Every structure is written in C-alpha cells, then in structure tokens.
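Two complexes are shown next, each including chain A; its partner changes from chain B in the first to chain C in the second.
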Partner chain A sequence: MSRYYYYLVLVNMFANIITSVPVILFQNRKDGAIISMILAMIVGLICITFFTKFFNSFPGKTLPDMLKQTMPKWFTVIFTFVLVIVWFVAGLITLITYTILLIRFLTPETSLVMGTITILLFVTFGCFMKADKVLYTIEIIFIITMPLIIFIFVKAYLDEHIEWLYIKVAFTHINTFPQIIPFAAVLFLFLGVMNLIIFNQFFTVKQTFGWKQISALTLIGSGVLFTTYFIPVGFQGFENIDTMMYPWISTADSMRMRYGVIERVVFIFLLFYLAFSVISLLIHWHVTIELLKSVFNFNKLKVRGIQVIPFIIITIFSLITIIAVQFINELNLYFFTSYFFVSLLFLVPCLMLVLWIIKRRFKQHDKKES
Partner chain B sequence: MFNETITWLKQQLNNTNELTQKTLEIEDKLSFIYFISSLVDIEMIQKVLIKPFFEMPSEDYFEAYLQSLPQQLDFQTKEEILSNLLSGSVLVALKDKFIILNLSKSHVDQVQEINIEPTIHGSHYGLSESLITNINIIRNYYHQATLTVEKSTVGKLNNLEYALLYDKDKVKKDVLKKFKKRMKTIDKELILSSSQLISHINNRDKLTSYFPTILLTERPDRIIYNIAGGKIIVLMEGSTLAIVAPAVFFDFMVSMEDNYHSFWISNFLRALRYLGLLVCILLPGLYVAVTTYSPEILRVELALTISGSRVGVPYPPYIEVLFMLFFMELLVEASIRLPRAMSATATTVGGLILGTAATEANLTSNIMIIIISAVAISTFVIPINEMSFAIRTVRLALIIFASIFGLAGVVLAAIGFLMYLVNLNSYGEPYLRFYNYRKKKERGEALNE
Partner chain C sequence: MIRKNPSLKKCQLILFFLALCFLSGCSFKEIEKSAFIAGIGIDPSENSERPYKVSLKIFNQTGTVKDNPEPSYIYVSEEGKSITDAIRLLETKVDKRLEFGHLKIILLGEDAIKELQITDMLDFLMRRPDIQLISWVMVGRPSAEKVLQMVPETETAAYPSLYNYFDLNANESPYIITTYLFEFRRQFLEKGVEPVIPIIEIEQGQFVVDKAIVIGENKTFLELDSLDTKIFNILLNRAVKADLIVEHEDELFMVELDRFNMDYQAVENADGTVTLKITFDAKGLITESKNPLDVENLPKFTEWTEAKATEDGKKFLSKLKEGGFDPIGFGLYYKGSKLHNELMDYDEWKKQYKNAKIEFNINLNLTGTGQLG
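Here is the complex of A and B:
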C-alpha cells in the first residue's frame, strides 16, 4: 500500500486514544472493556479489509462519483447528506474536545470562543486544500510528531512509577460480557480507512493489499489499544480510574524528564497531540467539504469571479462550532461522543451495503457492455 | 534596392551621428563598410576586413573570404540589418550585395566574483554580464548533447535577449510548456534584469505569492546542479543572476557546499540549517507564549530567571518582542543599504543600544536580548536570501497568535504556515512535500528532489 494510506488509518487510531475512548473504556472496566476491545479490533480489521479491498478495485474513484453512476439521484443526495453530517460531527467532536482540553490545561486565561476561532481559522483554510495537499500536510506533521509520541509511550512503559500489578488486576476482568458502547468506541479507532470514500481519488494506482499489510495493521492496532488502556491503569491504579476526566493527561503528567529542556512530559504531549488532532480534524472536514462539493456546484454562485459557497460553508461550520462549544461541557461531551460512536454501528453496515450494491451494479454494467 | 537600403539606414540613424561609413578602394576593387563605432571592435575590423581587402587579388576572392568567416550572419529584411547594426555588427556592401559580420565588442564579459552566496570551498567566480559568456561557462561545466539553449527576447522597447537552458532528457515537459507560456505573456516595455523579470513572471498571483517559487542564483555550480535535476534556467543579457524554475522549498535550503563536504559534516550542516530555520520562526513566539501564559512548562529555575529579568519591564512580552524585533530589522536593513565604510558604525551603535542600554534602561529583559540575537543569527543561516526575507516576516504572525492563544497558538500558526507552504505550487510542482520515491523513479537519476 502507498504510505499515504497508512497515514489515513493511523491518524484516526492515534488521535483518539487520549480523549474520550479511554474514558469510555474505563467506565466499563469491570464489565466487558477488554473483551469489547478484542472483539472491536477483529471487527475493525474486517472493516479495514473490506473498505480497502473495495476502493482498491476502483482506483482513483471517490464514493460520490460511484453513487452518481449507479444510484438514483434522490438516494445519492440523501446518502451524501448523512455522510456529511457524520463526518462533520466526527470533526466537531475532535475540535471541541481539544479546545476544552487546551483551555483547561494550557491557557486557562484564553476565552473559549477565542481559542475555537483560532483553531477554526487554520482548519477551515486547510480543509479546502486539494486531497494531495492535505495528504502532504498530514505526512509532514505525522513524521514530525510520531517519534515524540512513540518516545513518550516507550518512556511510559519504562517508567519506574508504572505498577504492573494494577495491569494484572485489570486483566482479571477479561471474562465479563462485552458492552455496546466500549465496542463502538474502539471500533471507531479502526474506521480511519473510511476516509477513503474521498481520498481514494489520490490512489490512482492499484495497490497491493494482502496478509502482510493486514498483519502490520493488526500489530499496530493491538499495540495502540494495549497502550491506551493499560498505561493509565498502570499509573493511576485500577479501582478509581473511572473518576478521572482525562486519564491520559494525568498519566502524562506523572512522568518527568529529569534532564530534559522541558521537565514535565505533559506539555510536550499536549502540544504534539494538538498537532495530531488538527490533522485528524483536517481529514474529517476535508471529506465533509468534498462530499458537499459533489452535491452543490460551487461554481454556480459567484460574486466577481470568487466562489461564494465556500465562505457560506465556512460561516455555517464556524457558527455551529462556536455555539456548540459554549453549550457543551465535559459531561455532555462524554454522552454526545458515546452516542456518536454507537450511531456509527448503524452507519458502517449501511455504508458497506451501499458499497456492495455499487460493486454489483458495476459488474452488471460491465457484463452488459461485453 | 541597394541604394534604397543605405538611404533608409542613414535616415533611421541620422540623429545619432554614429553610423560610420568607410570606403575601401584600390585598383578595381571597391567596397563600403558601415558600422556604429561605439559598438564594434575596431581592431577586429582592421584585422578581419581591411587588411584582407588590400591583400586579395580580386573582389570575388574577397567575397568568398567574407562568406566563409564564422562571424557572418544571415538576414532577410532591412529591419534585421538595422537591429544587427545596433547590436554591434558591421555591414559590408560589396558588388550590390550585403554581408553582415558580427564584430561587436563587449566590455561586460568579465566573470564576476561571487558575493551573494559565498562558500568556503567551491568556485569563487560566478557569471558575467554577457549572455554568450554565460552560456559558454555553463556548456563548459555540463558536457551533454541534450543541453538545449533557446534564445528569445523580452521587453517591447529594449528587446533584451535571454536564453532558456535545460536538459532535454531530464526536464519535465509540462513544466517547460507552462514556463514558456508564462514567459510569452510578459507584456512590459522595459525589462532590465533577471530580478525584475522574476517579479513579472510571478506577476499574475501577486497577492498569494509571498514565498519565492523561483530561485535566483549567481553560482554556476548551482545552475549545473539544477540543470541536472531537470530544471529550467533563464540567463539574461546584462545580468549576473540566473533564474531557476521550478524551485521548491528544499531548493532554497540547499547550500552548494553540501556536496563538497564529507557525509557526516554535510548532514550536520544541513541539520544545523533546519534547526536555525525552526529557531528563527518559533523562538520569538515561544517566548511570548511561555512568559504570558504558561511559565510552568519550564523548569522552576529558568522560569524564575526569566521573570526575574523581566522585573521592571513595563510592557507585556509581546510588545517587548515586537519592539526588539523592529529594531533588529532596522539594523539589518540599515547595514544592507549603507555603504560599506559606514555600515560598521551603524551595527556597532545599534548593537550597543540593543545589547546593553536597552536592558539597563529596563526596556527589555536580558533573556530577550539573547533570544533576539539568536533569532537574528539563525535568519542568516538560510542560504538563499529571498527565503530568509520571507521567513523573517512569518514569525510576526506567530507572535500575534502566541499572544492570543499561548503555546497552542504557536503550534496552530506553525501548522497553518506549513499548510500554506504545502498548498503552494511552482509550475505544477508541489512546493513542500516529503520525499517522494515514486516520482524519483519516474525521473531517473535526478539529483534534485
């Protein structure tokens, strides 16, 4: 596979492991978190294989193109709008989570709205870039931040304060029945591949996708899941970890770099994860914009040769975000996110069904022609 | 026809009084020569034209001799004769026939010493101001039959000659097509130098082209390096700077010396340069963000030192930084514009004021002085001047976002800056992108990537 494919998959995986996903897991730590994780990983890998195989057989084609060719118009419009809402909300959750997080830990003096506007300013510029440019940006940020994030993970594993006994205790709850919310939350980590519905236009050459690629993703996925769940347990203990709002931030703050320029690891962690969540946001909203582009003709409404619709979209996005940021607090956000994850459990099978129908129709079409 | 042309030429040039006519006559041989005395090489005329004329037995011999000279030029219309005369040719009228010989003299074919991009190793001489000499230099460095030179003119009024150089096998066809098209659309009366040409090439997207997407260089080795990398070079008559297109971000960070050192040394220097780039973009913003919002990210001792040295400074950190940066930029600008003898005074006085007096007067903190000097030094590490000019202004934006949103603002603005760079194009080539292996395979052994 092209390395850009891995960025799409990995960004989603890494960007979400420190926010709501571990919180949801710790809420269910005594009833089915671990077994949900294992199940979700298997289902997630099946999803990855399905989506990759499907889009690989139509190199360079995006989902809206294929919908237009095979489906009736009313269905195309409605389905695209559903996808727009899902991807927009995915981005919105990342944005709100991070804005609140940053203001809570890094700059408590800044107003929430000002912080949101600053993030929006750059992200809305970014998501109107072309797909290849978005991927180049992702690549550069990924390569700059990844070594540090891995360094912090390794440091966490080697830290003297990590208590492996807690982790063993957590393991003893493996025999409980899986729950739907942690399952959905973990599944979301593996759904970065769904961004291919738009980004497939970049992959114009047919890629090889076989056991090697799947096993690499399995390895990374299990490593990421293990880290996201067991490291905080190792630092904070098993019994009361569900009372923490930001288990990962507290964990990062438990680490010191005694000889580093910056002593407290949490700041490096926060800043580099900010970069990571910005690119995750960039991917989601780029998909949203491209989906909207397939429905509206951007060239229709022009004032003095400048497209107006992008500005309208930016305004709508910003307004929704700014209003949402003021109404949502950490508790709301937790429930909101859980519902979003659960709703994905309905969306993903639907999308798979639609893709399957598309493939069948293309095959019939080919048969007719030959 | 013969006399008509002569009278027309005289009419065209009668205001200048410079057209010289000489009659060569002996026995039954007769010939006239016309030239503009300030443009031609008199000694060459004497050697190539006059002496043989008197030694030849007949006019036929002389004509055959002239036709075989390498300086002889072809022409069709009388306008061409005129323009050739104006560029230093000699018109010979022999037996109702015209022969034009290019015997121009140029005082500008001296190779200039390099002073914009100096290196320790590597050649110390750059290009000259004569186009022919420059093409000669490049051909001497790059012995390939595929090296193509296309000459053309630009500027409606002064018709300045320029040459497009590229390696036919290595250049990307669509980039070449785009570049040629862009050159044709330049609609200006006067083009004087290659730096001016660049601004006209970029004219169309004036607002958005903030970073240089075309490189200017005076080093022949850099030109060769870029030709071998499949780029297009433009050389202009009368200009010692060559234009390199398309140029991507990494091209501006390459010093020619990287190729002359051993592996580890050159990699160390390269790392140093990128580190310098990071320092000069990020450091002022980081200072503002850390001192205003989150001093807790530093070690306690350092945080105390910084706030200790800021005791008595009346302004918030962002004003302090902007104030010092402003004076530093003034100092840099002044030392460029002043004559060399005076610029030393300016820097000494400025350095004294910025260095000691400002701290003693409690206008800035000591740490600030260190940061500003670090930033100033690291700006000069960037090898190509245009890039360092562009970078100098970027950090101001970072300071603004740092004062709004602290460290997160710095990171966000840096990402925004990155996205801006990635979004740029230089003739269809993405401006900033991580190494792309597939493209390299397509292009063969290209040096530049």
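Here is the complex of A and C:
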C-alpha cells in the first residue's frame, strides 16, 4: 500500500488513544474492557480489510461518484448528508476535546472561545485544500511528531516507576463479559480507513493489499491498544484509575526526564497531541467538505469570480463549534462521545451494505455492456 | 496555473492583518507578575473550625543571581476550612499571582497525616492541573511549616536544598526514600500496597533524611528507623549502593552491595495459608575490614554476609508482617496472580498476611576484597 494510506489509518489510532477512548475503557475496567478490546480489534481489522479491498477495486473513485452512478438521486442526497453529519461530529468532538484540554493544561488564562477560534482558523481553511495537499500536510506533521510519540512510549515502558503488577491485576479481569460502549470506542480507532470514501481519489493506482499489510496493521493496532490501556494502569494503579479525567495526561506528567531540557514530559506530550488533533480534524473536515461539494455545486454562487459557498460553510462550521464549546463540559462531552461511538456501530454496517450494493450494480452494469 | 485574482490578493492581505490581532498574546500574565512556589506545607491548626494550616515557600524573584547570590524566599501561611480556602486567603497576602507549576516539594506535617484526612489532601493535589505529579511527597517533623522555613547553609540561590535530596542528581544515599505524588496516590488508594514516605527532620541547622513512615489503612502508621529504611530501599532496588556490616566472631568487615535484583512472590498454599517468598541477588565488594583478609577465604565471607543479610531482611519483613503493613506489595502480587473472582476476600488476605510464612533466599556474589588483601 502507498504510505499515505497508512497515515490515514494511523492518525485515527494515535489521535484517539489519549482522550475519550481510554477513559471509556477505564470506566469499564472491571467489566469487560479487555475482551471488548480484543473483539473490537478483530472486527476493526475486518472493517479495514473490507473497505481497503473495496476502494482498491475502484482506484481513484470516491464514494459520492459511485453513489451518483449507481443509486437513485434521493438516496444519494440523504446518505451523503448522514455521512456529512457523522464526519462533522467526529471532527467536532476532536476539536472540543483538545480545546478544553489545551486550555486546562497549557494556557489556563485563555478563554475557551479564543482557543477554539485559533484552531478553527487553521483547520477551516486547511480543509479546503486538495486531497493530495491534505495528505502532504499529514505526512509532514506525522514525520515531525512520530519520533516524539515513540520516544514517549518507549520512555513509558522503560520508566523505573511503571509497576507491572498493576498491569497484571488489570489482566485478571479478562474473564468478564464485553460491553457495547468500550467495544464501539475501540472500534473507532480502526475506522480511520473509512476516510477512503473521499481520499480514494488520491490512490489512482491499484495497490497491493495482502497478508503482509494486514499483519503490519494488526501488529501496530495491538501495540497501540496495549499501550493505551495498560501504560496508564502501570503508572496510576488499577483500583482508582476511573476517577481520572485525563489518564494519559496524568501518565505523561508522571514521567520525569532527569537530564532533559524540560523536566516534565507532559509538555512535549501536549504539543504532539495538538499536532495530531489538528491533522485528525483536518482529515475529518476535509471529507465533510468534499461530501458537501458532491451535493452542492460550489460554482453556482460566485461573487466576482470567488466561490462564496466555502465561506458560508466555514461560518456555519465555526458558529456551530463556538456555540457547542460553550455548552459542552467534560461530563456531557463524555456522554456525547460515547453516543457517537455507539452510533457508528449502526453506520458502519449500513455503509458496508451500500458499498456491497454498489459493487453488485457495477458488476451487473459490466455484464450488460459486455 | 491558477488565475490570480487581484481582489483575492487584497482579500488575503486583509486576512493577514486580521490574523495579527491574534498575536496580542494569549492573555498570558507577565513572568514578574507571578510568584513561583517552591514548596507547600500542610499542617493541622489548633482551630477546629479551620483545620488546615497551609504554608507556602515562594521564590523571591531577583533580576540575576549576581544581584542576590543568597537564597531568598517569602514564607506565608494561613488557616482555612479546606486547603483551597487557605490558599485563597494566602493570595491576599502576596502581591503576585500564585504559580503552582514549579512546585516540587509537598510537605505533610507529622500531625497532619495523623489528624487530618489524607484523602482530602490528595484530592486537592491531584485535582489541580498545574501541580506536577512528579513532585515529592514527604513528612515534616516536627511540623511542615518548620521544615519548609529551614534554609541550610549549603543552599544555593534558586535551588532549594531539599530538592537535592530527592532529584537523584546530587545525593544518592540509600537512606533516602523518594516518593512521587503519583506514586503516593496509587499506593494510597490501591488495596494490597501501602505508601512509604520519607521523614524530614531538622538537626543543628541541617536536614536529616534517613527515616520513613509507612501509611497503613485506617490511620495506622509504622515508622521505619534508618536501618529499616535502608533495607526497604535495597529490597525495592531503589538504592544504587548500600553497605552492610558483617560481624563474625572477631572479624568485622563492611560489604558494599550493588546491582541488586529482588523478586517477590506471595503464594497461596493448598490449606489457605500464605507464603511470602523473596529472592535477592546482589554483587558485593569488601570495602573496610578490621583484620587483614585473605582472598582465598572469600566463599566463607560470602556465607557470613549472606547469613547477616538474611537475618536483617527477615527481621524487617516480620516487623512489617506482624503489624499488617505491606509497603512492598505482596497483596498486589497476590491480586495479580489469579483471576479476580478466584481470590480470597481482602479481610481474609489481611489475616493470612499477618500469619504468613517467610522464605528468604539470598544469593550474594562477593567479587573481591578491594585493593587490600
């Protein structure tokens, strides 16, 4: 596979391990978190295989193109709108989570709205870039931040204060029944591949996707999951980790670089975290806007040769975000996120079904022509 | 090529200047308007209405170290209904904004841990996002305030002397136990392991850090004297080096131990009793001796050293065990050794722990007798 494909998959994994996903897992640590994780990973890998194989068989085609060719108009419009909402909300959750977090830890004196606007300014204009430019941006940020992430992870594993006995205690709860919310949350980590519905236009050449690629993803996925769940347990103990609002931030704060320029790892961690949140947001909202483009004709409304609709969309996005940021606090953000994850459990099978129908119709079409 | 629209350029220019508005700074307070706190001390007060007495040690800012080479601090303290309440009142005593981000020392008064609720203090310390989880928790004797206000002769400007004891850069004595805030929390809240924090005393204008206290459940405490503190440090591989005095008949020599490795297990026997197993490996070197030593006798010395170490270790462990204290974490080991629904319940475990058998295996490897035979 092209390396850009991996960026899409990995960004979703790394951007989410730190926020709500571990919190949801720790809430359920005594009832089924581990089994949910394992199940979600298997299902997630099946999803990855399915989506990749499907889009691989139509190189360069996006989902809206295919919908237009095979489905009735009303269905296309409704389905695209559902997708728009889901992708927008995915981005919105990331944005709100990170804004709240950055203001809490990095700049406590900044107002919430100001913080949101600063991030919005970059992202809203960024997501109007072409797909290839978005991917190049991702690559640059990925290459800069990846060494830092790996450094922090390796440091966490080798730290003398990580207590593996807590991890063992966490393991003893393996024989509990899985729950739906942690399952959905972990599944979301593996759904970065769904961004192919738009980004497939970049992959114009047929890619190889076989056991090698799947096993590489399995390896990375299980490593990421293990790290997400067990490293905070090793640092913060098992019994009371569910009372922590930000287990990963606390864990990064529990590491100390004795000879580092900065003693507290947490600041490095927050920086990489910010970069990742921005690219995750960029991807999600780029997909949203491309989906909108397929429904509205952006060239229709022009003032002096400039497209107006993008500015309208930016205004709407910003307004919704700014309003949402003020209403949502940490507690209802947690519930909001959980509901979003669960709703994906309905969306993913629907999307798969639609893709299957599209594939069949294309085949029938080909048969008729021949 | 993209057609350049002249009005688009103008638009970009306007946007660029608009963006400059964001450079006004993130409403960040100037650095000289902040009072950086070096340490916080919590004591009980005599007033039952306002039980918390919070003391702060604040760095007194100077332009350069040259201007003021002596360490200088401001000390303030106030009583309050809760810790935050006291801090709010303290804010009125200092003209600057209190900045907790550089706080490294958390001193709990000896009476504070016994009379006040430790959970309340932990709650305050953990809830504030700006307090570092890698700050050091310690007990001040006779009170946190007294220890906080002590400035020993050796102190340099802008680096409190107490930091040197715990930052593992300067002093690496085996008598010093370092407990970070996050460690203290996880051990305090988890069943099956108990936190140990160092006790800081004052003696003739210097700090003495060679004792520790185990905080057990239900407000039980066990003070470790300096020998016990050292053994604890060695057992948990926290010390880098440690010495052991070996006496045998009229021989007396000192062994310097390093490269320790300790393994511990808590095994439930078939009849429901518990055995605590400890295996301890270390390398050693004889550093001092009353009589001349013969290298050929090294196996004999090893044997004596092992016997002495086993005796010390067993004594220490039985003291912990009989008091029902478990700072090493046998309970935690037991919890991790079986599926969670097959464990005995916690009270039963406590009872079995007190009556547990101890197996102590030591493998020492004496590498030589130093530069003298």
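Just so it is clear, the second predicted complex is superposed on the first by the 370 of 370 C-alpha atoms of A that agree within 3 Å, B and C clash if a C-alpha of one lies under 4 Å from a C-alpha of the other, contacts with A are read in each partner's own complex, and residues count from 1 in each chain.
By definition in this document, a contact is a pair of C-beta atoms (placed from the backbone, for glycine too) under 8 Å apart; a residue touches a chain by one contact, two chains touch by 3 or more.
These numbers were taken from a predicted model, which means no experiment stands behind them.
*Asks:* Is it chain B or chain C that touches the larger share of residues in chain A?
*Replies:* Tallying touched residues of chain A, the top partner is C.
*Asks:* Let me test your reading of the model: by the given contact rule, A:168 touches which partner, first (chain B), second (chain C), both or neither?
*Replies:* After superposing on A, A:168 lies in contact with chain C but is clear of chain B.
*Asks:* On the A-aligned overlay, A:250 touches which partner chain: chain B = first, chain C = second, or both, or neither?
*Replies:* second
*Asks:* Just chain B (first), just chain C (second), both, or neither: which does A:114 touch?
*Replies:* So A:114 meets both chain B and chain C here.
*Asks:* Tell me which partner A:264 touches in the superposition: chain B (first), chain C (second), both or neither.
*Replies:* Both chain B and chain C are touched by A:264.
*Asks:* Should A:129 be classified as contacting the first partner (chain B), the second (chain C), both, or neither?
*Replies:* A:129: touches chain B, not chain C.
*Asks:* So which bits of chain A does chain B touch that chain C touches too?
*Replies:* In the superposed arrangement, which is not itself an observed complex, chain A uses residues 107, 109-110, 114, 118, 121, 263-264 for both chain B and chain C.
*Asks:* Can you list the chain B residues touching chain A in their complex?
*Replies:* 293-294, 296-299, 401, 404-409, 411-413, 415-416, 418-420, 422-423, 430, 432-434
*Asks:* Would you mind writing out the residues of chain A in touch with chain B in their complex?
*Replies:* 102, 106-107, 109-110, 114-115, 118-119, 121-122, 125-126, 129, 132-133, 136-137, 139-141, 143, 262-264, 267, 271, 274-275, 278
*Asks:* Sort out for me which residues of chain C touch chain A in the complex.
*Replies:* 5, 7-8, 11, 19, 22, 26-29, 129-130, 132-134, 167-169, 180, 182-183, 185-187, 189-191, 329, 332-333, 335-341
*Asks:* Taking the complex as given, what residues does chain A use to touch chain C?
*Replies:* So the residues of chain A touching chain C come out as 30, 104-105, 107-111, 114, 117-118, 121, 161, 163, 165-166, 168-169, 171-175, 235-240, 250, 253-256, 258, 263-264, 304-306.
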